[in-house]
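What follows is a pair of complexes built around chain A, which joins chain B in one and chain C in the other.
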Partner chain A sequence: MAEKILMIALSPTMKTGLISKWEKKEGEKVESGDLLCQVETDKATMDYESIQEGTLLKILVHEGEQARIGSPIAIIGEGGEDISDLLSDIETDMEGITDDGKIGPEEDTTSSISITETGEESSGDRVIASPLARRMAQQQGIDLSLIKGSGPRGRIIKRDILEAVARLEKSNLGMPKTTSQILPTSSDEVIQVSTKRRIIAERLAESKYSAPHYYLRLKVLSDNFMEARKLLNITLNKKVSVNAFIVKFVAEAIKRHPIMNSTWQGETILRHASIDIGLAVAQNDGLITPVVRDCGNKGIIEIDRELKELIDKALNNQLTPSEYSGATFTISNLGSYGIEEFTAIINPPGSAILAIGKMGKEPTIVDGDKIEIRTLMTLTLSCDHRVIDGAVGAAFLKDLKDIMENPIRVLY
Partner chain B sequence: MPIITYRDALREAMDEEMARDENVILLGEEVAEYNGAYKVSQGLWDKYGSGRVIDTPITEEGFTGVGIGAAMAGLRPIVEWMTVNFSIMALDQVINNAAKMRYMSGGQFNVPIVFRGPNGPAEYLAAQHSQALQTLFVHIPGLKVVAPATPYDAKGLLKSAIRDDNPVIFLEGELMYQWKGEVPDGEYLIPIGKADIKREGEDVTIVTYSKPLRVVEEAAAELAKRGIEAEIVDLRSLRPLDEETIYRSVKKTNRCVVVDESWPMVSVASHVGWMVSRNCFDDLDAPVELVTSEDVPMPYNHRLELAVQPSVEKVIKAVQKVMYLV
Partner chain C sequence: MDIKYDYDLLVIGSGPGGYVAAIRASQLGLKTAIIEKDKPGGVCLNVGCIPSKALINQAEIYRNRDQLENMGIRLDESGFDYSKVFKKSRKAANTLAKGVEYLLKKNKVELIMGEGFIESPNRVKVGDRSLGAKNIIIATGSSPRQIPGFPIDETKVLSSTGALMLEELPKDIIILGAGAIGMEFAHILNSFGVEVCVVEMMDSILPLEDKEAARVLHRALQKRGIKFHTSTKAISMEEKDSGRILVILEDAKGNRTEKEAEKILVAVGRQPNTHGIGLENLGIETIRGFVPVDDYYQTKVQGVFAIGDIVDSPLLAHVASKEGEIAAEFIAGHEPEPRIDPNTIPSAVYCEPQIASFGYTEERAIQEGISYEKAVFPYRGAGKSVAIEKSEGMVKILYDPITHEILGGHIVGAEATELIHELLLAKWGELLPGDIASMIHAHPTLTEAVMEAARNADGWAIHM
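The block that comes next holds the complex of A and B.
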């Protein structure tokens, strides 16, 4: 009996998947657990392993094409089976699919990404707006669902948009004018925004505009910690990355200030038991933060091994959602680019991010009035003030500095 | 600039065109010796004689058909209908012959003719003699239809209508004949198919034509006192219709009211309303409102007679509605 193979959710935020490669051909046998195809989701390329068995009778969604979660991508059954009924069923089904692509239950579990869509199935939630108001809102980058309409039946009209624009300009809060349209000239290039780019944009904009950021900065003497690393490298006869050290030091400092490892939830603050540290990794087409879980209970060597694996996967677009989501604290290191110092945008659900500048030799005043050449590094901590007050962030950063300058401090 | 009546403007147009082209003739009931039922043709019989200004029997279908035949034979007749109410008798000639002859003869016959007369509600004339019938003509491909509201527009458009090689329905108004306005000395033409902005404004577009223009102008003056600047688009021509001018105005004001003294169903007003909804969709802040005659035959009772027609109050109310003020 032939049956449909459906697109499944291969990442928590995925709404559609792009089939980048079919690993099975039409007519080929498929066993349960066989790799069926590669699916490009919003974040990574995922393997789709078959849970069905039989012969792949027809591919419905070809390489390079997209399918929404729950919609059929292929038909599987016994060789030579008549699938015309199934095909006509599928055609009918496709006609019934609404534009917002809602089929079956939503599996959107990450609350930090909320994409507002209009035209949901419940007509009570439909935004009523005059055509002009819709056009104006689009031009101004205003979300209509946030505006209360003053027309009949709550219709949003021109004056409501004008008032909203005036309010936004006055308060300087809320929606930025992100979508102001400029007509391209002939030499300009229009770049289509990829799913990944859109999610990066939405997440970071939401973080920057909803979390009140403040920044703390200090310099860390790094000679001792580099010395410790040198010793470890000699012992292991391999290189342990500076980032692995920093991850471990941060985890130790967080243990002393657990509020740093929290999430703002409006009515409550969630203090996470596990210290899950993300490290921002640049990719060709964006960035991703692979996460090392439970760093408080892992040693530097283990952290280093995991980091290397994760970074490798990140560079090859192979991270699974569980490997890149849910960092409770994030580190971003631009030192290798020679950046002295910078401020980073907090990566939700975390409430703080540490920006690491380059490590370099500088004349430094030590022991009273003596000037010596020392290795220094600038750390900039961005905190969400809703969760972490200034003094708390400062105490954390001071302890982190102490630990980095005297790694033996990890012991007490 | 001289100020003359709408009636005189029409006569000047006919007089100038008859003097310019000997093929232009005028025929209709009482147009010659009696100088016209509404005195529009005053003096023309004296000047051009019975060969060119011709009294006809009281038989609309007959003399309308005679006019069409004369046009096919090379003359440029002006057929006066005493009122457009009586033209219903002649609709077969207008719709089946005048409108279609050029098409059906493959262009061998032109029908350069003007049918003119008073249209629309007057006063105390009741259901059969007081009705706005433009929709019947605007509906028909092959006809041109104009309905000027000022002496200036009337003269310029009538001259263009007489010179046009197609049948033109020229709609006047009994109550408009006395209206006065500036009309320059000397010849000028107003092209058929061009609307005119009678008043500029930023807040709302009021599209109208013919007699309701005065009602709309009065409403606009009242609205201005309340801080609302209405833009008045006078269509002047109903077919062809100057869509571009309407859209340009609506795109500026984002709101549109159409005022038409005809009935609402399948009317010029409903057609303009649809076109604006379709072509200015993303510019509209409110649905288009229509102010038309009520959907009933004209009552004889004077109070009711006034109540069924577009009024200043009705126009103001419609404007307030599209501006979300009521």
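The block that comes next holds the complex of A and C.
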């Protein structure tokens, strides 16, 4: 008996998956556990292994096309089986959802809406929505499949549409609401927004518009800490990264100011027990923040080893969702590009992000009125004022500076 | 250390707010008791909704006796005895009051007879007992409102309570107030042959209802011989030597006239019972007599809740019950949908014809600048209404011109109080008129009028 193979959630924030490569051809035998296809999710490329056995009878979503979670991507059954009934079923199922069950890149550039908080994905083909919500969504050009319902049993109701519209208006500030605003000329290039890019856009816009950011900046004398690193490198006979040091120092400073490690939840503030620090890593097609867990209880060597592994995976698109989600604090370092200082957007669920500028020699006034050449680095801390008040953020940053300037302070 | 209380929840008052809250709380595992000074069921069951419906039912049987005569049956009315009508209404009230008692018992809610007085946020005195409660729900309800110059004595000047307790009919009566209570008594008494005169300060009867719907009822009652004085104030009264009451009326232009009748019914609304229950011991101050509450009906004192007629929401039994549910669920640690959307509260007036409605009236929509469209269908277009000789009436749906969201529903006509729920369910479930229009309705029913009105939202009623 032929069965539909459905797109499954391969990451917690994934809403659609793009089939980057089919590993099986139509007509080919499939064993349970065989690699069926490669799916590009919002964050990484994942393997889709079959749990069914049989013959791949039909590919419904081709390479380069997207499928929403729960929508069919292929049919597996016995060779030669008649699947015309199944195919017409699928067609009917898909009617009234999107044109053909696939969210093609063309449709995707419309004003689609998504809820950024991760949670249960609505599964199954049918979007449950009240008739009023459907009509409003249609009138506003909102894709219902991207909205989480708050009505009875997850039904999408008017309130959800109003919230989605409000969010859309916020994130489209200054942009017309309709789809193609400007007609491209022949020399312009239209770039399709990948799932990953859309998620990045939504998450950052959500953070910037909902979290009231403020910024604290100071310069840190880095000679001592570079000296410490040099000693460690000699001892270990290998290079421990500057970022590993910064992660460790930040974790120590957070221990002294645990509110820095919190999440705003509207009614409550969640103070996380584990200090999970994310480090922003640039990829060809976006960015990702691999997370080193429980930094408060790890030594610098362990942090360095984990960071190197994670960065390596990030650059090869191999991070699993558990390796890149849920940072309680994030560090972004653009020093290697020669950037002197910058301000970063807070990466939820964290409530603060530290932006690191380049380390460089500068004439510095020391010991009252003496000018010396010293190594300096500019730190800029972005905080969510709903969680962290100015003086609290400042005290944290001051302690971080003290620790970095005198690494021995890690001990007390 | 956790303080041990006698009860998780004490409910004061066993009306439709209180007893529903108590049962819901007990269902959710709270140790609950309910305090009642009179009879379980409160005003609703004993001197309100229920006995009045028993009277209305009998009034309509009596009034429509001409239908039997139309079949050639000759009736001998000489044995008519209103006290039998009255007794039947008491029987209905007593049956249901016992029913409430049974439900409380079945749900393990302890019924404590006596007057509850709040001593502190966790203590309620009943008689000489002082009970400790972790939470308190105050559901003490309301009493008929009085107006200066018309002191209620329940013999000549009646409140709704006195009117329900009449054991014989007066020859004539002046009813002050043309709200739901006034109109229902006008309907009852007129049906039994009492001469009824209604005085209303506002310019129409049932001032909160859709004007068009109210006008249908107004005309119907006028035709039956009820006299109406709208835009008229009752200034004063005096008892004449004959024992009859003389009332001075003043119209909008200041012209005074006199009216006299055997009895006066004061039906100008109800006022919350917030005195003598110990609110002062909690530091709670009422606003226009109402107890201020949050979205879960909690007062400013943690653990003390107020529901029903003593909070500022429509003084209706079904509102009290819903508020009781919300408060009980909140106390039990659940997350009920907070605060009722006032546009989803149905109202029901039991006359012939009935009026039922919810949400925006045209008048209120205009006042608040809400744009709307309306779809109307007359009862007579539904075959059943003609067959059963109840073709007077209409269904009106107000909806948003763009989204088609249902904004209000108004039905005047036979069984309107039952029919309204189809529209209300649609509103509640966010269905559109188009959904009702395309649903198959049994033929012949009055609900076909609802379907046709919904069709008219898209302009395609068949039977019009």
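Going forward, the second predicted complex is superposed on the first by the 256 of 412 C-alpha atoms of A that agree within 3 Å, B and C clash if a C-alpha of one lies under 4 Å from a C-alpha of the other, contacts with A are read in each partner's own complex, and residues count from 1 in each chain.
One rule holds in what follows: a residue touches a chain if its C-beta (ideal position, glycine included) is under 8 Å from a C-beta of that chain, and two chains touch if they have at least 3 such contacts.
Everything numeric in this text was worked out from a predicted model, so none of it was measured.
After overlaying the two complexes on the shared chain, residue contacts for A:139 are found with chain C alone; chain B is out of touch. Once the two complexes are overlaid on the shared chain, A:131 sits against chain B and chain C alike. By the touch criterion defined above, A:316 lies against neither chain B nor chain C after alignment on the C-alpha atoms of chain A. In the superposed pair of complexes, A:158 makes contact with chain B and with chain C alike. Contacts of A:150 after superposition on the shared chain: chain B is touched, whereas chain C is not.
In the three-chain superposition model, chain A touches both chain B and chain C at residues 130-133, 135, 151, 157-158.
The touching residues of chain C, when paired with chain A in their complex, are 402-405, 429-432, 434-435.
Residues of chain B touching chain A in their complex: 254, 281-286, 324. Of all residues in chain A, only 130-133, 135-136, 139, 151, 157-158 touch chain C in the complex they form.
Interface residues of chain A, counted against chain B in their complex, comprise 130-135, 150-152, 157-159.
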